[in-house]
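For reference, chains read A, B, C, D and E in written order, and residue numbers begin at 1 within each chain.
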Amino acid sequence: MTSDPTLELRGVDKSFGPVHVLSSVNFTANAGEVTALVGDNGAGKSTLVKCIGGIHQVDAGELIFDGTPRTVAGPREAALLGVEIVYQDLALADNLDIVQNMFLGREEVTRLRTLNENSMEKLARHALDTLSVRTVRSVRQRVASLSGGQRQTVAIAKSVLWQSKIVILDEPTAALGVVQTEQVLELVRRLAEQGVAVILVSHNMNDVMKVADSIGVLFLGRMADQVRRKDVTQTQVVELMTAGRSGDLGLSPEESTGAAV
Amino acid sequence: GLTACGNNNASSSGGSSAPPANTKVGILLPDTATSPRWVSADPTELRKQCADNKLTCYIDNANGSATTQQSQAQALINAGVGVLLVVNLDSGSGKAIESLAQQHNVVTIDYDRLTAGGSAAYYVSYDNVKVGEDQGTALTQASEVKGKPAVNYVEIDGAPTDNNAAQFAQGYNSVLSKQPGWTKLADQTGNWDAATAQTVFTTMLGQHPNINAVMVANDTMAQSVINVLRAQGLAGKVAVSGQDATAGGLDNVMAGTQAFTIYKPVAGEADVAIKLAAQILAGQKPTAPTTVKDPTTGREVPAYLADPTVITKANVALPVTDGYVTAAAVCPTPALVQLCEANGIKMP
Amino acid sequence: MSAQTDDLVKQDQRGPDAPSEGLGALGAYIKDYFGRVRGGELGSIPALVGLIVITAVFSLVHQGFLSAYNLEALVIQAAPIIVMAMGLVFVLLLGEIDLSAGTTGGLCSAITAVLILRHGASWWLGLIVGLVVGLLIGFGMGWLRARIGIPSFVITLATFLAFQGVTLILIGGQGSVILPDNSPLIKLENSFVPLWLGWVLLALVVVGYAAIKINDALGRRRSGLSRPPFTVIAAKVAVLAVLGAVFTYEMGVNRNLSTNAFFNNKAQGMPWVVVLLVILFAVWNFVLTRTRYGRHVYAVGGNDEASRRAGIVVSRIRISVFVICSGMAAVSGIIAASLLQSVQSNAGAGNTLLLAVGAAVIGGTSLFGGHGRIIDAVLGGLVVAVIINGMSDLIQGANSAGYEWVVTGAVLLLAAGFDAVVRRSRAT
Amino acid sequence: MSAQTDDLVKQDQRGPDAPSEGLGALGAYIKDYFGRVRGGELGSIPALVGLIVITAVFSLVHQGFLSAYNLEALVIQAAPIIVMAMGLVFVLLLGEIDLSAGTTGGLCSAITAVLILRHGASWWLGLIVGLVVGLLIGFGMGWLRARIGIPSFVITLATFLAFQGVTLILIGGQGSVILPDNSPLIKLENSFVPLWLGWVLLALVVVGYAAIKINDALGRRRSGLSRPPFTVIAAKVAVLAVLGAVFTYEMGVNRNLSTNAFFNNKAQGMPWVVVLLVILFAVWNFVLTRTRYGRHVYAVGGNDEASRRAGIVVSRIRISVFVICSGMAAVSGIIAASLLQSVQSNAGAGNTLLLAVGAAVIGGTSLFGGHGRIIDAVLGGLVVAVIINGMSDLIQGANSAGYEWVVTGAVLLLAAGFDAVVRRSRAT
Amino acid sequence: MTSDPTLELRGVDKSFGPVHVLSSVNFTANAGEVTALVGDNGAGKSTLVKCIGGIHQVDAGELIFDGTPRTVAGPREAALLGVEIVYQDLALADNLDIVQNMFLGREEVTRLRTLNENSMEKLARHALDTLSVRTVRSVRQRVASLSGGQRQTVAIAKSVLWQSKIVILDEPTAALGVVQTEQVLELVRRLAEQGVAVILVSHNMNDVMKVADSIGVLFLGRMADQVRRKDVTQTQVVELMTAGRSGDLGLSPEESTGAAV
């Protein structure tokens, strides 16, 4: 590979008080590819995502963007680096409506610096339409009254409105219906084709095998292995997830039993 | 027709026999916390005087809030009063009320507290500096300290927001500071508040166990001082002052734990003020016996000033016989009934 | 955009053929409005109804409650409460509290007064210094909250106490500082807008309101979005115009009750503070509803973690609301000083703050953050002022203070209870 | 149970072979403790450290601050604050507020005093009626909150005002009602536990504490769960015993300041109110940590919808915390009356409530619900009492009140700021 | 069928203000069977579940338990009727630990009426073990610090501690890993075998086809159809979900386009 990966993590450690959640994790995501991040429940996927997003600070290790190590002090810095994230816990302001949530922090304004509600409303509706959400009555509805899947759709739609270099989706289809899931996977591929580095966290192996170019497997806070999609079978990935190793892939036998919890 | 009463030096300037067109008088009282008088003695007496003078009186109490007093004044002016008695919470808000009244041609009388810079037509009061002087003098006469060559004393003053408190302090300080052999060990405010006074005095006593006298500005706070002294077995051995002749204060005077209290019979103020109001409403312009100089404007405010009485064990029954406090309030328990009777207070 | 979706989101967007005027559109609009009300989006209805009911009751039991004189008294008494409540709305929107707003107001007005009176400053210099101190205080408290992480209850409890002390020290033992008679500061609450100017200002307000509403509607039409029928806009403008005209007319009546033939000075026209109130309302309402900043205030109040993740600098928003609140508290303190023509050494202490917070809450602002509007401060402040004013004349006599407290508490509870019962339909 | 899981949850459960005693276990326990502290589970550490620092500072600037005399003064001044704060913890745990706790206490003590003095009731009858009124008040307010849905801020603002009025009316024109000298109510704050009894009570407390801890540990061992090493338990018991002994000893010193040779009545032994405090602490701590009710209070405070779905009758819990709070407010009011040996017509007004809430918050209780313990009230109450007591003599003179307010505010802020900085390590 | 269904809904209507969410929905769940409830995002599944659980009150229609119509005034009444629900939004108290959450409202007490923490802790751990959650460090951990999947596991474990007649799981596996999902599906079958009427809301058609005996399909607030598993193919179910009809199954053509939104 001649160019640097869009995002590279090296030796990332993260603990919460006495709890070690991530231990020297390495991970790469390339532009134009979908990189899946999989792992058992509690393996540390969301924590890793939050470290990239500046929600958590890493205890040790490097975050390298386009070859340059950076500290991501907060979500603002992450955004400036072109990182856009759909968090697993969605993070919507219940007291605001769909449009307001979708443009939160990036509201459009008129020349008079007042909010350009009309433009935002149109764009928001368009974004939702592309995700096939048919039951949303009005984009002026408060998100508090949305169904689980509708909330998820709003969060996803929010993230694709912007030109980002890295889009991270933490279990974006968990609450989605069949059709909506298809749309999101299609969206993921489309983003990658546009040159975005997409990171997809998912438990759905079918989806992962379908769209991913590369797969990173977290096992109890360690990166068991990061492999190319075409080099592995679904069974191998599942083995990596549940045991930390599969054949000569993954952690050494000692590592996989003694992994930090 | 209303005939002016001559016994208070208020003389009529014109003998009108026509009934007054307006018989409404507004009375603005300040608060409920600094002294019980604003809740009991004053309104009772004022109401009685109003009835005697065939006046319609509206009595309001501002609960310590200048804003409330302002709105009460507006309401009274809206109700059409012709004379407004003001016990201000401070000179500033008092002045605002008086200028408001003036705008609407309502005559104001400063009652008990002088509104510095105000425009009241009269001032009816006790002389607060005199009250303070009496307190100081009476304290030096207390049996616990009388004749002692060296006396250590501490002071607990009233609320710094109350101009009267400053005047009381001016009075007693003028006496005590000149008293030979008297040393002031500490000086704090009790804010007219029992709990504050108690905390303050607890610490004072801890710091200065050799206190002989406590110059405390009124009975409410004196009670707290006595509580603390009693816990130390010192009640009755340290001279304690007071003011207002409250039921509790009189109890303490009888029990010998408080040296004296200052009795300011409201009649001295209320009777004069209401008669004055009646005369004003009748179109007269009475001449006051004296004047008091407004400290800010230098205006000589026509004034009626009454003299306070020092109450010691010797004349402790006086406020009860006057009807200023009831015997029931002073003697609520069997033990106190005995004490009362021994001191000449007769149960009804 | 698929046709199907268009169908399903038809409430959002009307095709060019859909009637956006005429009886049909009006009917749909009204039906939708009542649907929303039934669904719990009550807006100002409870506070408004409460205000009307209390006013009606007081004017029944109490002759002259609605006289021009008392109406003016009401307005000038309500002004400091409303202004303080407006500032508090910002703090409450973030789920914070400022217990010291009252004493901050007291302190700032004390500074202004002392500067003018004891140091010979001109009134505007005193005013500016007072306001700036207010803003700095807010900044300090906001900083302690946002950066150090002390709970705002404790910070503002500490400043509530401390500022009382500072004011006391400043004003000293005299109990109050009296503003000069001719000071423009006194004029705010005690001088009146000339009658003709009152009508001109009213016209400006009505025309401005109409222009904004129409412009909004046209903008939405241009963008192909649904918009309220013009009949509705016209109706709203008409209501505003009529209410404004009634008020302006009432305030034009000579309020001087004096029958005395010697004086002939009239008291007529609305107090200048009304103009200030209108301006403050317009400005803050604009800020909250039409700027990014306002949007971010709501967002942080609704979900501060989500806001942080959206790149909003939460600490900056948090500090800013304290600055606004303390600044408005300073304005409120100065209005109160204008009302009393003086500053007390205990200015802003006592129940000042509690009543202002009560006003915002009765108006509909939540203490838990995320929900509140500037109109809440206005309506709630009027409710509180009506209660206090109505009360101050209702009960007389020896223990009047005690009974007034009791009745004030009871009426407050009734107002809030009414409000709650109306709103409760929201909960299923 | 798979072997693998057992491995992974080893912190929960030690196999029979794992050392649960000895140096290894102790080391692990201590390491775990510090890990938790670093992770932000600070418990009472900030309040405790704050208390120690403030006390140290005051005893430096102020001779005799730690004398037996002042220590007793501190305890009896802290008692009403602590008791009120204990009640408030319950309300705060639900994210509610009771602004009227102060005036409720004032009202209840006024009722007790008036019954005893004016209606010849015996002291215990007066006491019972006062307490029952407190409980009823709490029930009423809780009902308005839970069933009608009025925000507690407004309800208790209304009662805050109203009860002040009722107390004023009750106490009437006398300004205060003075309790009879020999009343047992006065004894609470002004009489002392005989020395021998003090030591016996201390022994009871220490033995009781040890028994509970050991029983808990044995129970966990029986159930095969991990338990703290006995060395840790022994250490905790020892600390309690030593602190208790120091306190009991200090309180046994004769505090009588009088150097007079004629009298030798001693003031020694701890005030009875200490016993009451210990009992109240034990009872409420037990209720919150070891009963279903306590669990439900935390649950409703943490997530009332989840609690409702779990079948908890949320409204009942909500009402109950107001009942407890008002009941404790009544107890606090009576302790305050005992301290002042009288009830004032403004009892419980002013800053009483704010300081008690401040105490709970400084202790570590959250205003947003779900987090708080009874010990918070005790430690926070002590902090506040130390500040007030330390303050009461620091500054002298006419304007001392002003400076005291300022310094009180500043110290409060410092205490809270310290607390916040220590806790901040929790946030990443 | 000789015996009454354990739960039967007849003509259930539910609106929120102007929004019609459910329109005359009929639905049955039998003892010993797994009844799936499927439908697009926002179709009204969770609302229906909440109506059964007493969280919402129905506007019209009947809830019939074992042949007897009942009004479910609140979650307490639902619990008394033997209904146990895992809500989609989980509803855990973040300030409590895992054990405390699992026993919330049904705490065990000793003879002295004090909480029996030891017994609860053991039971909680056992319940979690059966669901193969391996990364939960301690059952005394606050749920605030749990990962998405861990939270979901706690909610599920909570619901199976009790003897219930009806167990409703609203998208229980959305956040779960491969192994955990298997475990939950197994649990679902086991519950049904024990005679419980299990209602499973899910977007995962594979899972639904695998475990369900009967399938109810909601389409825009209407019950398109309730069919036996063995009578349909996955494609038919998806068609019912997305169009409201499939061949002669489902709504009439008019109904399916005019369905209330």
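Following the convention adopted for this analysis, a contact is a pair of C-beta atoms (placed from the backbone, for glycine too) under 8 Å apart; a residue touches a chain by one contact, two chains touch by 3 or more.
Model, not experiment: these values are computed from the prediction.
In summary, the chains found to touch both chain C and chain E are A, D.
On a Cα centroid basis, the chain most remote from chain D in this structure is A. When the C-beta pairs in contact are tallied for A-C and for B-C, the bigger tally goes to B-C.
Centre-to-centre separation of chain D and chain E, using mean CA positions: 44 Å. Centre-to-centre separation between chain B and chain C, using Cα means, comes to 40 Å.
Chain A and chain D, compared by their mean Cα positions, are separated by 47 Å.
Counting partner chains per residue, chain A shows two or more touched chains at residues 16, 19, 134-137, 261. Among the residues of chain B, those in touch with two or more other chains are 32, 39-40, 44, 160, 166.
Residues of chain D in contact with two or more other chains: 8, 168, 172-173, 398-399, 401-402.
Those residues of chain E that touch chain D in the complex are listed here as 53, 55, 74-76, 79, 85, 87, 91-96, 100-101, 104-107, 109, 113-115, 118-119, 121-122, 125-126, 129, 134-140. Chain contact summary for the complex, chain A toward chain E: residues 16, 19, 39-43, 45-47, 88-89, 133-137, 145-150, 152-153, 171, 174-181, 203, 205, 220, 238, 241-242, 261. Interface residues of chain D facing chain C in the complex, by the touch rule stated above, are 95, 99, 144, 148-151, 153-155, 157-169, 172-173, 351, 354-355, 357-358, 361-362, 366-368, 398-399, 401-410, 412-413, 416-417, 419-421, 423-424, 427. Against chain A, the residues of chain C that register as touching in their complex are 1-2, 4-5, 8-9, 11-13, 219-220, 222-225, 290-292, 295-296, 298-299, 301-303, 305-313, 370-371. Touching chain C in their complex are the following residues of chain B: 29, 31-32, 38-40, 43-44, 47, 58-68, 70-72, 74-80, 89-93, 95-96, 99, 103-105, 116-117, 160-163, 166, 296.
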